[in-house]
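Reading through the structure tokens given below for one structure.
Residue numbering begins at 1 within each chain, and the chains themselves are lettered A, B, C and D in the order written.
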Amino acid sequence: MAETNGHSQANGHSYVGTRQIRPDGVDKVTGRARFGADFNLPGQLIGRVLRSPYPHARIVAIDTSKAEALPGVKAVITRDDFGDQPSEFIPAGEMMMNYKDVVRNVMAREKALYEGHAVAAVAATSAAIARRALKLIDVKYEVLPHVIDVVAAMRPDAPLLHDDLFTVGVEPKPEKPSNVAKRVEIKVGDVEAGFKKADLVVEREFKTAPVHQGYIEPHAALASASEDGSVELWTTTQGHFIVRAHCARLLGLDIGKVRVTATEIGGGFGGKTVVYLEPLAIALSRKAKRAVKMVMSREEVFKASGPTSGATVRVKMGSTRDGKFVAGFAELKYQAGAFQGSPVQPGTMCAYAPYDIENVHVIGYDVVSNRPKVAAYRAPGAPISEYAVESVVDEIAKKLELDPIELRMMNAAREGTKAAYGPKFGPIGLEETLNSIKKTEHWNTPLRKWQGRGVASGFWFNIGGETSVSLTVNEDGTISLMAGTPDIGGLRAALTSVAADELGVPYDKVRPIIGDTGSLSFNFLTGGSRSAFSGSMAIVEAARQIKNDLIARACKLWEAKPDQVEWKDGAVRPLGALAEKVKPMTIADFAKVSGKTGGPIGGVGRINAQGAGPSFGTHLVDLEVDPETGRATILRYTVAQDAGRALHPAYVEGQYQGGAVQGIGWALNEEYIYGEDGKLQNAGFLDYRMPVASDVPMIDTVLVEVGNPKHPYGVRGVGETPIVPPLAAIANAMENATGIRFTELPMSPPKVLKALKDKGLNKA
Amino acid sequence: MARVVLVGNLAQVTGGVAEFDLSATSVQQLFRQLTALHPALERHLETGVAVAIDGQIYQDALFAPIHDDSEVFLLPQIAGGGPGADRGPTAARGRSLAR
Amino acid sequence: MRYEAPESLEGAVALLAGAKGEARVLAGGTDLLVQMRADVVDPDLIVDIKRIPETRAVTEEKGGWRIGAAVTGAELKEHPRLKKVWPGVIEAANLIGSTQVQGRATLGGNLCNGSPAADSVPALIAAGAVASLVGPGGRRELPVEDVMLGPRKLALQKGEIVASFLLPPRPPRSSDAYLRFIPRTEMDIAVVGAGVSLSLDANSVISAARVSLGAVAARVLLVPEAAQAIIGSRLDKPAQDRLEAAARAACRPIDDKRGTTEFRIDVAAVLARRSALIALDRARSN
Amino acid sequence: MAKHHIEATVNGDAVEFLCETEETLLDVLRDTLNLTGSKEGCASGDCGACSVMLDGRLVCSCLVLGCEISGRKVETIEGMAKGDSLHPLQQRFLEAAALQCGICTPGVLVASKALLEKNPDPSEHEVRFWLAGNLCRCTGYDKIVTAVMDTAAAMRKG
């Protein structure tokens, strides 16, 4: 059987690796593309949510009678419209999802656990009526003391959020409930022995503030439930199959009865992997017997959707005089928000991952507090722990008077290095990223007073996971590609290039769409930098099925044996003597006779993609500090990251640039600001200060490609690593510019000016 | 005999025993043998474990092969940008384990 | 909620004076609409003044300039001559929000929103601008520094609106400047604002000056002591130090999500000095 | 309260609609005129995803009342392409991957077109400060600014 491995086109030219125009692009530049809030149904009602004004309160009673009586109100729901869920752990990576928590986060039950927590929802014939109806719902609260900061929440006398939450991972099993949901730990070698061998030990404590993913599109959902138990749902999400599973569970529906369409998604970065409005819209629609559309306001997005953890991290590292790291200890305290499930586990595993250290011990605590439940934010947990470690690494370099890149090079993880979280690494590109930064003109340009340069490396595992795609050959030989992982940043362009190369057809003959949950088998969500990695692997499988089918059909048509034919450059070609008798048949030729030769032509790829290769990155940043105001200005930024093989270089560069700028915001100005009353003070884009176009320079990128042997094209996920290095790179640049080691993020002007004043440095 | 190492909190379930030498030739056999030694492990193996075999990380791959000289690590499952539930209510999906 | 767009000042005054419930003036709307959407205000009547000629005009008057209350920041920036005469006032007006907000935001709206952190108000006060108010009792003139009494509190009587501002005539060798501090480079509300307007005599000694600070007290401040600190000097180092000391002394800031008290005082002094130096530089060259 | 009856021009077409006083131009465009190209990211004028041209002036349509546009001209993203050829900015944004998720793209394109009509040869600084009101969280702005400057150069060559 002449199995094909043809990855290239007729003239050896290949779309993979080139900058094709994305097939879904025209609609996005003309305003035709439809995002969450752009879908409407005839006769739809508008839904709005009543949210708790208190950060912590028992909900004694909810009286919805006056709201229900308001003309135009068609349905009102509260906790009573959702059956309770047992405490059962569903594996969602390390943030174990527990449906007892999911149902409570979607609609408060016994208690409101954060300001903005949903308490009731209404559906009415207009937004104005819905808003008025909310004011008529009478909720009796018994306000309780609240706690926001993670360290405060861990104190034995702290207000308790859940009286049935006992710390897991602690021996002996505690009898008293606490806000510490879990203690996690990884241990390699003997860290105390390591510290004894160290000539230099540096220990620092760091503090980071909660930051939001900041996607510009608010959450939106449109649900239409019918009396036969079937549901149609349009929602902006990173994982419509996951949304379907959650909604089916919370509303007692068969999964097969629920069909979810993923709309175009206006940014997610991990924050749209959770359900907020979807179960409410379905419940309201079921009750009102009409479609219900719900869209969050920006204030609701900030108050009621999950930012990433604020955290306190203590790092202690030991190094020999010549710069060999001999011991790495870290203690991570991560906020989980109202329910357990912070990214502290991946945080512990990533802390020392970039380095080859014999003795590592990392402890992590998952701590609840009266804030919205944390959701993933791009390499969840890793930016925080690696910020702390990379800051201490920089301090070691300074104290040992070693070049910061050389020091990292000496300790860098390579192929065969035992990772701090256990297994040996396969081929990885950390060294190549360090070398390429060293060779840049940026690294070698001199700086002036009050200017500083910082470097830092970063790592993320990347995952594969369950993925289903389909390729269909249409009657005219054109190809319909259907993937099941929502495309946020150019996935369809990457998959189209792979499909075109695999089938030997022109790029513009392939039309990619994202299928709804009724059109494909199960897909895990877009996250973990997995969609290009797994999607392309599944497309190769689907294409293989088509090519083998066409080879079989050719053999029957030509009455030939498999070894007399081969697939090459988009056609089945006769070999040897047979070549005189018959002409090659292209995909379009087969499409014309598909009926006669067996039926419609197509292939599906249904895999659990394995072999995801980690992506390492190293960032370099120059900044300038105004000593009289404490403001930092980013002068220059370079990202070098290993992509394995860039299916579409422009969108890989885009991930590097976007992650870097999110990191700049996280490091300099972004933070959730709470008042003493436990309420969020900056729930809007005016005072939640994300970088604007004039805040940042061009972000230069270096595409390192150390192939991942476990992928047919050598691909590695690239989406998450870019946000890991910036926090420390910028902190190291600040130290380089001011001589002060800032250990708290964000390094906002008031904090910087105060530190400069304390040292009498605040003069030009 | 493959060398098997438990990473993270799993060792707490086995009373601190973190390393084993087992004759398993697949992940499914490995889980059976581990559960036979430590029944308390079964719940964890079923819902929240990734398996690294000679450096490659497998998630939910019961039939991944294990060789005689393999080095195997059982890790807390790694999820990326998506903490969303793995597969919702039917996560276990009737996976046949040690039984 | 009623919406009216009168074409005369008298029409607007009559509507506002006669309004039963809460009435609000709409110029650019870049503050009013945000507050309405956030349920901070729920007016029964909106009076759009953009169809009233005086509010939209920029005219020369008695050697100075009369600027309509509803002229937008973008229009001020494009005015051929204003920027040369009053660079400080124009750069302040142009720091209110983004390009899009510039297309709508007005000097009248910025003042009457009543925020101590308003960007254009320190520059108008430093310039010695006088607001021309029209109400049931007719027209009266009020220096801009007297219009704002405190956060969201104005010296306007019921039914009174700001129709326009008069910028006084400028002796030769005069200029102004406005600086503000924001953590980003755009899009933020001023954490501190400093406007300085000054004139030089024949041998470049400061003969007249006005200094105004924003976001450092319950209202935008005119700081006479800061002006005294530099009048009679060439803004040498001692004069700069006196200016900084006077600016610090005048500050009564609060801690809030945008800045701490200590930070605002420190930065107010720095911006007052830097703004004065720019105004001096500009005054020398014209 | 009776609704306002408004007549105006949107993308060159005469339009007629009823609107409540508190309805913004963005609400009217999206919910009444079914032009969903302009997006709501914040409804407070801080993100620019709703940018439109109002009588030739770049504004946030969420900060304009529907009843204010009586007799005036509005241009939205849906009016940017002429006939079946995209505007050079639209084409360049696709070629240069100057968008990822695309929610900010309509606002950025409308704002960039307004810039180039005012300033055919903008510096990087001028482009960045002009677009400071258009938040983008995916791209880090690099490819957007580059695409605007490249388009300006190409248009200058004619």
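As a working rule, a residue touches a chain if its C-beta (ideal position, glycine included) is under 8 Å from a C-beta of that chain, and two chains touch if they have at least 3 such contacts.
In this text the structure is predicted, and so the values were computed from the model without any measurement.
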Which neighbours do subunit C and subunit D have in common? A
Pair with more cross-chain C-beta pairs in contact, given A-D and A-C: A-D
Approximately how many whole Å separate the CA-defined centres of subunit B and subunit C? 68
Could you put a whole-Å number on the gap between the CA centroids of subunit B and subunit D? 53
Find the geometric centre of each of subunit A and subunit D from their Cα atoms only, then give the gap between the two centres in Å, rounded to an integer. 29
CA centroid of subunit A to CA centroid of subunit C, Å: 44
For subunit D, jot down the residues that touch at least 2 other chains. 20, 22, 43-44, 46, 129, 131-134
By the touch rule stated above, which residues of subunit B touch at least two different other chains? none
For subunit A, give me the residues that contact two or more of the other chains. 268-269, 685-686, 691-692, 694-695
Chain-chain contacts, ordered by label, are A-B, A-C, A-D, C-D
Which residues, counting only subunit C, touch subunit A once they are in their complex? 38, 181, 183-189, 191, 256-260, 262-263, 266-267, 270
Quick check on the complex: what are the subunit D residues that touch subunit A? 20, 22, 30, 35-44, 46-47, 49, 76-78, 80-81, 86, 90, 93-97, 99-106, 109, 124-125, 127-129, 131-146
Mind listing the subunit D positions that touch subunit C in their complex? 1, 4, 20-22, 24, 43-46, 48, 51, 54, 57-60, 62-65, 67-68, 111, 114, 129-134
Where on subunit A does subunit D make contact in their complex? 19, 21-22, 25-26, 28-35, 37-38, 128, 213-218, 264-269, 295, 297-298, 488-490, 648, 650-651, 653-654, 657-662, 684-686, 690-696, 698-699
Show which residues of subunit C lie in contact with subunit D when the two form their complex. 1-3, 5, 26, 28-30, 33-34, 36-38, 46, 48, 50, 72, 74, 97-101, 103-104, 185-187
